[in-house]
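Multiple structures are listed underneath, in structure tokens.
Both complexes shown next keep chain A, but they swap its partner, so chain B is in the first and chain C is in the second.
Moving on, here comes the complex of A and B:
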């Protein structure tokens, strides 16, 4: 097999999280009854005109900022003319001449830990099309998605592998979802990626014949699709064959790409400036406002958590769980044990939330009660075992945690002297086990500990009791 | 007893004092329309609904000058539950789900919609002969065109069927038919009136406007139509004003310009002669009138064709038979749906313009033609601005000739554009323009004069227009006083 240089570029469409559509006041929603989120503008009734949702501009500026793009100060929209039933006007309103953002980059970290920039050529605003469902020889159209605001982010042809594509898409998804710009749910279509793959012999050669892969349902498929396509093209070239520029789709079942259509030369979209929407001037104030609204992004969170003593694994888990991370961030100004806080959140609390299918904000765990909980755990007033017993109440009632503990009869003996006298009594009564321990049978200490807990009816703080027991035994 | 040939204020008093009721006016309007049926001014009559509305108004207070008065709307203005065809087969049975913003405004004044008037198909034409429903006829001579594209609105006003009509003007379509039929037609500044609900022909040029028998009534109607509309981003946010406020005022010291282009060789000597008479009158009454040159006016027609047809090719793409309107039968696939529906649904002129427009935007052509046209258009705007630094208003003839025969050949598209050569520069610059009748030719066909104002200076145009109207005191009723 010969060696080729692969070149990959990615185009990503992301649906913006706005209340209403971009050019009409219909609701922007997902999973509703077909055509229930439409009005005369979305359906391109004669005489209707587009309006412009300002929140779209705001979110697009925010996205452009996060993606390190330059921002266009005077921009307009363009009409892309083509006949297809998925676009009611038979033209799409998009940006051809003046994309809102250009010349940006995203930084990814490769498996070897190296940082690498993925360059963004441009990002522009456009409207989503309607969804078509083909049933036999009929086609059903659902215009709920028509007019949902999109940004399209186009990279330079700067990647070489499926792995890079995967890292880029993961990074993009992380940035845009943490930026509150989009849900980035690939399965619901709120993030969609198309990749372009070509091969050439030498860096100095012009780019090779391009195949575009569409309909990619997941990030891992994007990686696989690129790899399979590189493989396919390599084989063709090795066999001395060639191919026509084409559009392929990723087939989930095959785990491979299949041909959709050979590209016709010179698609003519007859672009021209949209006369129904005046030029948009993007002011310094608009940019400042958008910047101010950027929430703390993942890299910054990671750095912050490490600083606060949160373990690496917890840091990763927290950043992966947006709502817990946001909740955690409300503590940042407090004096507390962040390690304990992260353990609690990602341990028992996360398990509870998963089981009950709840968000942390839907529980009664206010910041104040959480701080109380951390304190009780830290000073051993509450054991992990105890916590399991009262967790439901802690997360469902508004009572003080100490009150809940009292009601449940949880009262930990945290007095050293009291525990010490009980331990001494146990040592006296279990000479045999003490001897076993001395003879190196570590198991014996567990037995002794069990006796202590039995004697105290489980009220002795286990960690404390263990410490005292160990030191008592060593003193013997 | 006839009322609809009276002035608006007189009718208003009669309504207010309950001597007549809105239903009397509605019934009279329909009698007139029936009597003038031959004019083919209407595509759809709104008789049942109009009578019902008139009845309902009897319990309401007569609270404004337009209350209870019948109005006709060009059939490219969208009316809820009332057929809106754009004079096209493709929308022959189209019943809209909503009212255009102007229609809401008209209804808010309790005006009564009488019907939808005939026009060139999708407003593409200058004699209303491209209508799928046949051409309307000129009340002054039924063998002649009444101009276009707002031909039906012009005919019904000239015939005195009703007091008010709305037209739309993309390249002269209000002013030119107004000139051919001896009425007052105003195309306001681009953005003055919301375009929401006007079926788009060329978005950057389209503007609706009032068509009436005199200047005052025109200004009164305009008062009701204007205003910023959040549904139309190109509508202008201007302080409220009364467009009638300078009507009746003297014009002494007014500075008026005539671009040499508007009095060029293409203009017939009869028309030119009449305009010159008005110029003498104006000078006599203390205005200054200068002939000036405005650059690029001679390019306006070319620019218009590029911009209007380019935009039209895109605007009319939505008529595909999928969501509304006519759909061709026995189609096999989606390609056929488009080809057959549009092939059968549109008339020749519309198809011609869509084809030319598509060509003009194709590939590199967009840069060579469309973008270049937009840039020259900006230059032309600047030239007009230069003129308005020194002059209050610009005047000239509206049309190169008076109305010609319905039977004249239609096969030369350039001829149709020549009809509009004097009115198109106004659209290109987005300026307001108005036609007022200033006399008749030897066959007693009306001759019109155009008054062009600076942006948003419609009030000043009405001032000059009403002054001339009063001085000339023409009998503008076809066939004499009714």
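Moving on, here comes the complex of A and C:
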């Protein structure tokens, strides 16, 4: 048991999903040929000036709203000066004094089911730097990323454990990706997290010496990094040692943090207001527009699905699959069986999509055809087994599902009376099995069921036939 | 008020500007930089001084650009205009130990 109180704060950079960069009209893209998405502004040629992208402001307002932040009505940008080849202007345009959002929070749910607020100090807009790769004593630069719009979200030092950091990052990723603000792909660098960890003896003590962990490649590593860092600092203090404020990075192979550099002096970025961009005024209309564009968020989806009778497990699975969830949402205004809809989507259809590496929107399953499919399954015209036989046609052709069934010779007996008369015939012909069943041999019913299916050449709906068979046997 | 900056203050500024100073220059800048700062401080004496003017010295507010892709440069042009390149990458001497921005 540790004798120290740990304090953790998180800074997250998220790339915004815009078509163009923040201060120039070159394309905001990923995975393209090096230096192919640039223009003179991104490369900071002399005489070029920044022009602010309206969609950046729109998405940042949307993010601030989702993160329950207050929104700055009159804001400006600042220059953060530093010498490093990843920024050719020698300064980064960011927001130091007037972050677009401030004093917000995100609600997480702990493993014990309790809700907890993670407080956001501020959220500001800035430009991304170019990507640099070191090769011996040379550095290679790719400016495709230079000027990609970012928002940086800074929490208060309000967390205490790696678990909380994990839950916070998962929630943030969910909110920002469902909000269509960012792809939040950590592996591609569109979401990057740095965590600050310090220890102190008492709540009343000032915050302890801080270690910042950078280059965290996944949410699980963020959790592990925090836990390892708490462990490391605890050992040092227990041994009566101390350390200097420092920057560490998470090493995947070691599964631990390693020292990058010691911060002997504070950074001197000489911030000053960016003179090339006048004040930005955020109007009521801009806020209203951004709010209106917020898609249905995960918590709201969960609530809605439960209301519609979707099982807990299917609700969780649906919300975890954005494209299936969006597709499911197109049905919300319809009168249909949502339980069947979710079972179909997450069962055979999801299996097909995984196998073919397709999105649901790439199939031919329009809303109308899906509603037809749900109806056919619900009234037992189509069985689960039949569906497996015709699934490819259902998802790859535009034919009516009933037509596909006809072509494949699928004709199920769904008439209760018809099935009942067949069952009565089978009962008459198999008295021995009926007796076995009555004497408690459950397996006998399977034999009888087999006979029913044989008699109907597999065209009786199995579930319906089983129900009728069971009730007939009980009546004897 | 002291009449010159400390040696450390001058060296700090020189470090930020990535320049080397001789002993003579350090002494010279201790006095000259101080004078410059004193001149700048005179702004505080202006009556009715509005801080906004330091951020944007005109009445107009920022006009926002539509999010539409425009012309981009050919990567060949980009790298050929740099002193050194390797393939499509601009090549520079490695800088270790400095902080990165974003």
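To be clear about the criterion, the second predicted complex is superposed on the first by the 473 of 476 C-alpha atoms of A that agree within 3 Å, B and C clash if a C-alpha of one lies under 4 Å from a C-alpha of the other, contacts with A are read in each partner's own complex, and residues count from 1 in each chain.
Keep in mind that, in the parts below, a contact is a pair of C-beta atoms (placed from the backbone, for glycine too) under 8 Å apart; a residue touches a chain by one contact, two chains touch by 3 or more.
Nothing here was measured: the structure is a model prediction, and the numbers come from that model.
In the superposed model, A:40 lies in contact with both chain B and chain C.
With both structures placed on the common chain, the touch criterion links A:129 to chain C but leaves chain B unconnected. Residue contacts after overlaying the shared chain place A:85 against chain B and chain C alike. In the superposition on chain A, A:49 makes contact with chain B only, while chain C stays out of contact range.
Legend: residue contacts after superposition of the two complexes on their common chain; A:196 is shown touching neither chain B nor chain C.
Of the two partner chains, chain B is the only one touched by A:271; chain C is not.
Touched residues of chain A, counted separately for chain B and chain C, are more numerous for C.
In the superposition on chain A, chain A positions 40, 43, 51-52, 81, 83-85, 139, 141, 268, 270, 273, 275, 277-278 are in contact with chain B in one complex as well as with chain C in the other. The touching residues of chain C, counted against chain A in their complex, run 12, 16, 18, 52, 54-58, 60-62, 64-73, 75, 78-79, 84, 86-95, 97-102. Per the touch definition, chain A reaches chain B in the complex via residues 40, 43-52, 79, 81, 83-85, 88-91, 139, 141, 266, 268, 270-273, 275-278.
Chain A contributes residues 13, 18-20, 24-27, 33-40, 43, 51-57, 76, 80-87, 92, 94, 126-129, 133-143, 150, 152, 261, 267-268, 270, 273, 275, 277-281 to its touches with chain C in the complex.
Within the complex, the chain B residues that touch chain A are 77-78, 84, 86, 91, 94, 96-98, 100, 195-200, 202-204, 230-234, 310-311, 313-314, 317-320, 322-324, 334, 338, 358, 361-363, 366, 370-371, 374.
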